[in-house]
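Data block below; observations after.
Lettered A, B, C and D in written order, each chain numbered from 1.
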Amino acid sequence: MPVRIVNLKVNGVDQAFMAKPETTLLLALREQLGLTGAKRGCAQGACGSCTVLLDGAPVVSCLVPAATVDGSAVATVEGLADGQELSDVQQAFIDGFATQCGFCTPGMIMSAEALLARNPDPTADEVNEAISGNVCRCTGYAPIVSAILDAARRRRDRAGQEATR
Amino acid sequence: MTLLYGRGFASVNYPTGMNLGGDPSQALIHATTMGGFVISLSSVDLGQGLKTVVAQCAAETLGMPMEQIIVDTADTDTGPHCMGTFASRGTHRVGNAVIMAAREAREVMLQVAADELEVDAGDLETDGSGYVRLKGSPAKQIHISDIALAAHFKQGKSISGRGMFLKERSYPVPETGEMDPDSCQAHACTVADVEVDDETGVVTVLRLHNTYEIGRALNPAMATQQVEGGAWMGVSHAIFESTEPYYPASRAHGPVDFSEYLMPGSGEIPEQTSVILERPSSNGPFGAKGIGEMTANAPIPAIANAIFDACGVRLTTMPFTPESVLRGLDALRDGA
Amino acid sequence: MARIDSEYFRDERSSDFTVIGTAVQRSDVLGHVTGRTEFMEDRTFPNLAHLKIHRSAHHHALITDVDYSEALKVPGVLRVITYKDVPENWYGVLRLIGIGPDDEPVLAEDRVLYKGEPIVAVVADSEAAALEGASKVKVTYTELPAVLDVEEAMLPETPVIKRAGTNYFVYEGHHARRIRFGDVEAGFAEADHIFEYRYSSAPIEHAPTETTGCIVVPQPGGRLLIHSNTQAAFFTLDNTALTLKRPFTDLQVKGGTVGGGFGGKVDVMVEPLACIAATMTNRPVKFVYTREEEMQVSSPRAAERIYIKDGVMNDGRIVARKIMLYVDAGAYARHSPYGATKAAAHLPGPYTIPNVYADCHCVYTNRTPSSAMRGFGVTIADFAIESQMDQVARALHIDPLEFRLRNAYRDGDVKAHRKVASGTALIEVIQSTAALVGHELPEEYRAMSSSTPRGAGA
Amino acid sequence: MLTEVHVPDDVSAAVRLLAGGATAIGGGTCVLPWLNDYASPPTELVSLRRAGLSGIRLHGDTVEIGAATTLAQVEHDDRLEDLNAVVRSIASTPVRNLATVGGNLFARQPHGDLAVALVALDARVTLVDETGSRELPVEELTNGAGLVTTVTFELPRPGTFRYVKAARRRYNSASLVTVAATVTEEEGTVTGARIALGGVGPRVIRAHAVEAALVGQELTADTVRAAGEAGRGEIEPADDAYASAWYRTRVFPVHLRRALLGH
């Protein structure tokens, strides 16, 4: 069975691993690089638990053959915090009681990060659309949407403070 | 196109725990050298927050701050028996077991402290910040880390406790069904407001107004998570979910993934207003009742009743799909 | 956060707590938002083998031949497991507490009772090889007529699909879990109005975001360590040991962090086979349901069919309620016999009715076996009861909340299962919700109280 | 079983591999779900990710979209306002960042809403195989026709393109009925109509009978209702997990009207 060496920049760090044909980006992250934040909830692209940023764009990593993204940059939930300093989205999820079982949380947070990177001031409905590929079975979504809107506010406030500094 | 609006009501109760073969859970608790308290369980946290709420129960009972509590759970080699996480039993059963274990440990803790302070244990109290102190003379106090050190290195004592909760098995009388099936009952009432599209049969749940009586909200934020997430599941059951969309006529077209298995997305969530009432149960931990399961139940009939209120279609089969609404509307129009 | 209305039950809820009643942050949340929470599948083991299942293609059939020779030829396939490799192939999840019969095989023997029933397990070096191997198993069937309707299953002329001889669970000699309270026929005779309606539901999946699964790791001393996302660690351990016919001390279950359960992870479906595979290969073995298996093969919430007949007086008092309830257990019992009992205990709902008659049937059909799910035995009954309440209230032109309040159970009332009610609060949740939406109730209904005995005051 | 994943750098290499029996993927969002969880015959994949087929070019009013352009690129391209909404009705953001324009042409119904829109826009594809390249209307495209390299169409005149997708959920839900239409009117009378339907058949349906019923008419509730009745004869809906054939047939005229009249 042909095996390739695949190079990725993962959370800013150069990584190389061996990929079999069936090795998806998700399995490579989880099983070869030890980054288990992205979850396998369906392997069908329909639950969003495996969402990571591929060259800045959120993708369902379960549907990406690892060999096809050689040389790309990948961001996962593990790379969001700066040491002990959580990202605004992570902190807003904590403060807003926006997690229950936590299985969807990493994917949900990556979708939220991607939204806020593109749109710093989203409406609630834009948040709804942005997380429509992320299934949560516990919370009923409302606290998640609130947390993402709250994170956007925090980020804008901080940007405002830095601008006036 | 006409959008029709309706309101529906439902009220329910729900049993805590079960009567199946007895309903036990056990807990062990012990202090570490520096006065951390490890709660050993085999109970499972499904995301409802059991690990947090039992730590609260232990902290309250011990009179210690939350930071002192460590929960070690779900290893069958180290944790004592727990029946499992189901039947709205986790908080009630495990909470009770933890309280019992914590009481026993607290007694030892106070005795060790009493020996160190050379006072009577009965005159001691905890202040919730980590100190055990003499009632009326707060200056005479000792920190839990010193108590634990003394227990381990001077007094040769284990600050520990065992807790068990058992709801004994109740055998239903075959002829009449006489039985004792629960420990207590929680309650809920839902008012649902819906919108019905009279051309497509699509039902939109606009608002849910809920009151829940849950005995005691041990953690109001997590209780809110439970009731509002559960109500969402009720909406989902009511208007979307089925593993056999053509039940019972055919088993074909069963959904195989999250695309086909329909649930409301965040674009379909109703506005929820929730109020919590507390009538502490006599046998619950600090009066708490089980609420995990009840929360999905009242929204379903409330939505069915609201659909009738909106458009005159009585739906008696779950889920209430656009097709079932539209067939009902067509029948009304044909009959008119 | 939900508002706590402390006006209700003021005298009963006096408290002096420090930690209880405060919004302490979840202890697991930091792990959740950083991706560090360790779920079952987040553990990786060298030399891990994978298990996949070949499943029944038919609802009901005799198995005439199983040929797995092609599966063994697939590169990477290590072992094929059939029922002959399962030490105690017949089980029932409730046998620990003496509830039988052990009516379900771990792997099918001479017949299958539902589409998707496991027949052969294939263990391989990779998931892909295990899938390939499972697909290469050839099963030859003789199809039998399938029974797919609960009421049809109960008819004497319907073929019996179960070894035990009936298409329903037998409750101490009865075809249903019974509730008999008062004299329901006398109640109907006395009533001013009779209302009878039918309700039903389709099966529902728990749909947790994390599928059911386990990883079994042979330990240096010969024990098996089971990393599982079970909802009940000892329940899983004890049942697995019984199936393996191994000492209970041979097994250790670790879990406790679960990506959603909702009742779907209490059936002990994956651990026994993974243990057998780990023992045969002496390698760590992972058996995790695919999403399709989770959606279509794992137990759903049972479909139910419920008939409710009410006798009601002109003033809105319900004087008799008769309920015929049918739980579609699917092909095997699992927790359904208990679910029907739980349903019976819930009847006639949170109302005090002097004459109650119920038969709660646990019926077998050739469908995916159903089992516990959030609100087990109650959720669908509540749909039926509360729809019934609405229909009756409308027919009698009584306000829907007043109709419920008039019949609401209170402390001291005797329930249909003859337990005296205490700690009730139905009246108050209705009053509170009415206030929440501005639904006006007359003074006599606002003055009602759960702790005031029926007939006294109000 | 997946036996190899090729990532060729140019179209000719891709074509050679496909001629050898390999399967092309754009984003892989249709093929990978199957390969991940189900046994399959030995399969070699050819990913078009690096084959130089990505990009959106406008020459005057002529739009040329490379087959490997993602749906997300279309979604965020201001020049393609009519298609922005079409694309947003398909799947979810993390899928649209993978799924491609070319791939969507082959998506199984009730998916493939972009293909519905492209048929209504009279789009053409360029196909390449070892014998050379040729053009084909999207409407006539079938599996195995060759490698799609580009999709070309004329930008519709402002206000002439209509699109409605009815689904069980607002976002990320397969089609019950998709209506895409390019309708030109002069002095209140329909002079041309090109209407495509999704969700109501095993493939994208070009609604000839609906078109015929509308041309020469004013767009009114009555004429659109008549067109919908005419269209019932050319749709072939099926039962699936989302809705029954009965339901799709029943509400098809409603959504046709909502697409054409806006209410």
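Simple rule for what comes next: contacts are C-beta pairs under 8 Å (C-beta built on N, C-alpha and C of every residue); 3 or more make two chains touch, one makes a residue touch a chain.
Chain labels with UniProt names: A = Carbon-monoxide dehydrogenase small subunit; B = Molybdopterin-binding domain of aldehyde dehydrogenase; C = Aldehyde oxidase and xanthine dehydrogenase, a/b hammerhead domain; D = CO or xanthine dehydrogenase, FAD-binding subunit.
Computed from a predicted model, the values in this text were never measured in an experiment.
Chain centres were defined as the mean of their Cα atoms; on that basis the chain farthest from chain A turns out to be C. Across C-D and A-D, it is A-D that has more C-beta pairs touching.
If you average the Cα atoms of chain C and of chain D, the two centres end up 42 Å apart. Chain centres here are Cα means. That of chain A falls 30 Å from that of chain B.
One simple way to say how far apart two chains are is to compare their mean CA positions; for chain A and chain C this gives 34 Å. For chain B, residues that reach two or more other chains under the stated contact definition are 46-47, 49, 221-222, 224, 228, 230, 233, 245, 254-255, 257-261, 263, 265-267.
The set of chain A residues that touch two or more partner chains comprises 22, 41-44, 46-47, 97, 99, 101-103, 128-129, 132, 135, 137-138. Within chain D, residues 1-2, 33, 37, 169-172 each touch two or more of the remaining chains.
Against chain C, the residues of chain B that register as touching in their complex are 7-15, 18-22, 42-47, 49, 51-52, 55-57, 59-60, 63, 65-66, 71, 73-77, 79, 81-87, 128, 169, 172, 174-182, 184-185, 187-191, 209-213, 215-224, 227-228, 230, 233, 237, 241-245, 247-248, 251, 254-258, 260-261, 263, 273-282, 286-287, 289, 292-294, 296-298, 300-302, 304-305, 308, 314, 316-319.
By the touch criterion given at the top, residues 1, 23, 25-26, 28-39, 41-42, 44, 126-128, 206-211, 257-260, 262, 290-291 of chain C touch chain A in their complex. Those residues of chain D that touch chain C in the complex are listed here as 1-2, 37-39. Here chain D touches chain B in the complex through residues 33, 166, 168-174, 239-244, 246-247, 250-251, 254-255, 258, 263, going by the rule given at the top. Interface residues of chain A, counted against chain D in their complex, comprise 1-2, 4, 21-22, 24, 43-46, 48, 51, 54, 57-60, 62-65, 67-70, 111, 114-115, 128-130, 132-134.
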